[in-house]
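In structure tokens below, several structures.
Across the two complexes that follow, subunit A remains constant while its partner is subunit B and subsequently subunit C.
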Partner chain A sequence: MATDAGIILEYGRTRKKKRDWRGFVFQLLFLFPAVFFLGLFMFYPIEETFRLSLMRASGLGDTVYIGLENYVKLFTNEEFQQGLLHVFAWAFWSVVIQIPLAFFIAFSLIAFKNKLTSKLRAIYYLASIIPSAIVAMLGRFIFSPRNGVISSLAARWNWTWLANIDFFGDSRLAFWTVFAVATWTYIGFYIVYQMANIEQIPVDIYEAALLDGATRWQYARYVVIPMISYPLRICAILCTVGSLKLFDLPWLLTFGGPGYATTTLGIILYKQGFINAMYGRASAIGVIIFLLSLIFTVTQFSLQRKEGEIEW
Partner chain B sequence: MVETAAGRRNTYFAEIRHYKTQKFIITTILVLLALAVIAPLVLPFCFVFKTQLEYAYDPWGLPKQLRLLNFREAWAAVNILHGLINTFLVCLGAVACTVPTAAMAGYIFARYQNKFTEIVFYMILAGWFVPVQMVLIPLYRFTSQIGLSNTLPGLFLIMCAFGVPFWSMIYRSFFRSLPGELAEAARIDGAGHATTFFRVMLPLANPATALAVLLVFIGSWSDYFLSLIFISDQNLFTMQLRVAQFLNQYGVDRMPRYAAAAIIAAAPTVLLYIIGHRWILQGTLAGALKG
Partner chain C sequence: MTRKRISLLASFFLLVALTAGLLLPISAAGKVKLTVWGIDLPDDDPAHAYAKALVNGFKAKNPDIELDYVALGNDGLKDKVKVCMASNSGLPDIFQSWGGSVMGSYADAGRLLDLTKELKDIKCSEAARQAMTWKGKTYGVAPFFAIAGVFVNEGLFKAHGLKVPTTIDEFEKVCEALKAKGIQPLACGAKDKWPVLAMYMYLVDRFGGINAFADAAARKARFDGEAFVKAAQLYQKWVKAGYFGSKPLGEAYGDAQVLMATGKAGMHVTGSWMCAQYSSKEFTDQTIGFYAFPVLPGGKGKETDIMGMTDIGYAATRVAAGKKDAVVRFMKYAMSVEACSAEPGRICSVPGVKAPSRLTEMAAGVFAKAKAVQFWWDQDLPASVSSPLNDALQNIMMPEADVAKALAQYEELVTEMMGPVKKK
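== the complex of A and B ==
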């Protein structure tokens, strides 16, 4: 084996000495579209984002260099503080609620498999594939005051306390209403993803747990969760990074309101950039979103590794 | 191939005595949750066949006759057909731009490893972590300067740029899993670099291509955010923009019409899913497990 590899390497080296121009041109040609698209629509705008975030740039007037003033203004702005708070709350609660719920469903679907439950995976995933605009439409259908399904059912059964709840208008409830709608649509992917990973666990491990007299739930806790800790970590990262980019559902359901009750970084960026035409300020938000997603990803990986070291 | 636990799940665990009750409870919970998932898609049918008057009088009663009036009104209000055509064009464009670009780049990353391709590889990998929100403002200004904003190509080219990193990584891992001898054999038989790729390697990558086509299509099908930013002309509105427009203009005041609109809006996606759920699930899994 080793000599084979040596020969191949040697062969490669002699080829290289001859300068394989044709191969090089081929590589250039094949990489060009990808580099072109990314350069034009991603890397050039990244540079511009950093530059603009240090400028006062708007629809009117000149662009002037103002240093970090955009950032200072943002962090002292109440709307932005609220948005940041919601992003962190959203990230926290989606990791705490959505992922365990998805794990419960995924594990139960596998551990208690029968004719009925084996059909359910496709149904759970159905909600994830529905576009967010339509999800918002269905969300309003369920939660709207007076005409929504919940209100009209409550009115029918004379539960006035429930019929009078304004799920979108109450500033304490609005966040949770949007969160519930989001859970409905996001959870399908986590279920399907975790099921796929649970199904990858080799049968030896399962049998070993069986021989040791583990119950299903012990098997889940002590075998399955450690075995799929990497996919779970991926889910957590998807949740948190997704919360930074959150825009569609809060915007379509409540426009970030009432007041700032459901505003997110994505909504503030959209408002500043495309309604108020404050390009510099909006770019600063873009930079913050990027830095936060970087921080979230890195900390989650390092946190999980530390936990893993303690457990093993 | 490792034998997995999923293949043998009928073996009983230690708690065999309580197994039946436990199984019953869990199955009930699972079924109830599944019902909660489909309820918002089914409940509109309770209202859709009634007139506004009938609805106001008794929302949950059975309809007296099957009226299609609401569908007609909602169809006109949402104007979804036009939106569907635009969405379809955007999806086609996104697929046609993303998949070949990603396949070519992934092939180079897998089979031509040297300093130069490595640098490009890390560049594109870095692009995977860039959220589109970050670059939105300059992107918008730049596309308006070159006349691409407010056009369908502008929309799908941007989707393409943000889809290429992920799909070239998928293609890279796929091409690496193919035996290299095949390419070598083709080369020895006198095929050039391009012929090797197009005649030998690309057909072998058909599973990856099918996956990419399907998921890129679905991704651009459900996009709302980018369409909202880059499309402002009513004639170019995609389906999602039409739906959002209906949502903001009419609201839920006339429930039967709203229910009809919800059914009309959700129907294409649900139909697509019913026809193709097997491939969609498999595709998502393959993408998720590799990525």
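== the complex of A and C ==
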């Protein structure tokens, strides 16, 4: 046995040496396209963004090295401070409002299952696949100050207090108006995702809970939520990272205004890069978004690993 | 024998194919290709009548030039030109431009084609020529010019016995009277930010004179100087008084147009590009007129100080250096009476083109009296400070905003980008 094993080992070693060399070449060959395109379209732009964030660059004329000046200017700029505050507020309220609301709808659809469930699931999901431009148009159609659905109905019913509300123009309300439109469109994904996870829970657990005298909401509170806590955490991380990159809806609905009431890091980056032609400053914002996203992504992976260890 | 015949036939076809292949590029090479980037599509939209006449007319009159006209829309054009100028790649031969310092920055970077000699004989207004000239060199043409002024709903004014105001005091009285009748005195569209600028430019001029902005832009004065702050405070006072309605920041520029078109607003301070729409019976059933912005008694600005700039202009890039003749022919056709006559609303810079409507005639009349023309600030300032200017101005529309602080912050940015105010 020992001799056989030795022969096999020896054979394996000699074969392995030759196979390794060929395998290595093949691995390189097969990896090359992916590595090349990743390098060209991902790592190189990231490196360039970091480099440019230390420069004063308008695209025309010289590019001057200015160290960390772009970052210093950003952190002392009111618009940037507001943008940073808004993305964190957006992330917080998304987690606090959107995910529980999505869970409530997802659980209700399953707990009170009937022939409308699949249609409702499709309707909720539909909102999340509509392009942002159309969502923004719908948002304006509803909240527009003069011809919007709300102001028109309020005027017809003589509810002047409601008709006089300026949803996009009042700096105290604009953030929440945009957030409401976003919640309507983003929630569909979380509903479907959570429904898929709730449906994975074996029926006998539900039956056992019923036998123990649990109501549907007790079942949700003490069984479903703990069992889908991992997918809920993934939803929370997706919400947070999505908030950091937020651009489309606030831009399309309010251009980040009035004043800086709905501005986000994405909007400031776009304005600095594509309108103000300040590429260095725009790159610095890009780096900040990248680093913040990286922190949350690493958190996501570490949570995943931790979860894996628990299961193991 | 058969094989020999086949090979002979094959050789013959090969020869024909080769000759055709060689000749085709020669015939194509005879046609110069001119790439032009514009804003409007050359389609049947009445607002695009000039673009359509220009593209179709030029193609018909110049069969030896292959015109590739690309319509990119307003923001699309600005973004694309900016990116291509920065990277110095993918530039067209000609692009639609408003002239001024934005064009000047491209000229300074060596991206534009000097056409001073070739275009010196083209007849046009002096303001239009100046707009397309930077540091003594002309880079293009400006067939249409736009000025800011006051669109007045003459029907409403007549019905309520109001006179078109010529001073700021009269202006305020008219606003109060309109408000008392339940009519929004002023339409603006502040949600889109840039519409706030037109009236602010005039107010600064009326307080500080035509040099107030010029001095600040040349860094001889600050953007938070007395005239700027006073103008902003007056603007904000009018917002608080309800002259812009109860939801000034919620209304976009399109909403402002609708307010005027439906008689719900009495006045609209904006550019003369609105002449076509406000003249159109399909757009509005109101009788609207165009007037100069009122003067401020005791202020430095005059009624003849006019805010305006190129409405449609074209500039050539260095890419077209090898086809100057084709470029000049395009520029000349863009300035022709034939092409310009198709325009339904804008003020034309070309002599001999009849005003298409009463409103355009009124706007042209105001422009004709101008003794000093100041370009749109957001076009005349460098890109790095023009968009923040519109942000700062939207702030003054917020009743709770500290206008002096907003302007001081803007001045800080200008100092960083354009340098501090030079000491005398």
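By definition in this document, the second predicted complex is superposed on the first by the 260 of 312 C-alpha atoms of A that agree within 3 Å, B and C clash if a C-alpha of one lies under 4 Å from a C-alpha of the other, contacts with A are read in each partner's own complex, and residues count from 1 in each chain.
Keep this in mind: a contact is a pair of C-beta atoms (placed from the backbone, for glycine too) under 8 Å apart; a residue touches a chain by one contact, two chains touch by 3 or more.
What you see is a predicted model, and the numbers here were worked out from it, not measured in a lab.
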Touching partner for A:Lys113 - first (subunit B), second (subunit C), both, neither: first
First, second, both or neither for A:Asn276, with subunit B first and subunit C second: second
Partner chain(s) touched by A:Arg233 [first = subunit B, second = subunit C, both, neither]: neither
First (subunit B), second (subunit C), both or neither touched by A:Glu78: second
Which of subunit B and subunit C A:Ile130 touches, first, second, both or neither: first
Which partner reaches more residues of subunit A (counting touched residues only), subunit B or subunit C: B
Touched partner set for A:Ser58, first subunit B, second subunit C, both or neither: second
Touched partner set for A:Gly259, first subunit B, second subunit C, both or neither: second
Residues of subunit A that lie at the interface with subunit B and also at the interface with subunit C: 144, 147, 274, 279
Subunit B - residues contacting subunit A, complex: 2-9, 11, 13-15, 22-23, 26-27, 29-31, 33-34, 36-38, 40-41, 43-44, 59-60, 97, 100-102, 104-105, 107-108, 112, 116-117, 120, 123-124, 127, 129-142, 157-158, 160-162, 164-165, 168, 192-194, 197, 218, 221-225, 228-229, 239-241, 243-244, 246-247, 251-253, 255, 258-259, 261-262, 265-266, 269-270, 273, 277, 280-281, 284-285, 288-289
Of all residues in subunit A, those that touch subunit C in their complex: 58-61, 73, 78-79, 144-147, 164, 166-171, 254-255, 257-260, 271, 274-279
Of all residues in subunit A, those that touch subunit B in their complex: 22-24, 26-27, 30-31, 33-35, 37-38, 40-46, 48-49, 52, 105, 108-114, 116-117, 120-127, 129-134, 136-142, 144, 147-149, 152-153, 156, 184, 188-189, 192-193, 196-203, 205-207, 210, 213-216, 219, 241, 244-245, 247-248, 252, 265-266, 269-270, 273-274, 279, 282-283, 286-287, 289-290, 293-294, 297
Parts of subunit C lying in touch with subunit A, wherever the complex brings them together: 78-79, 82-83, 85-87, 105-106, 108-109, 111, 190-193, 246-251, 255, 258-259, 383-388, 391, 394-395, 397-398, 400-401, 409, 416
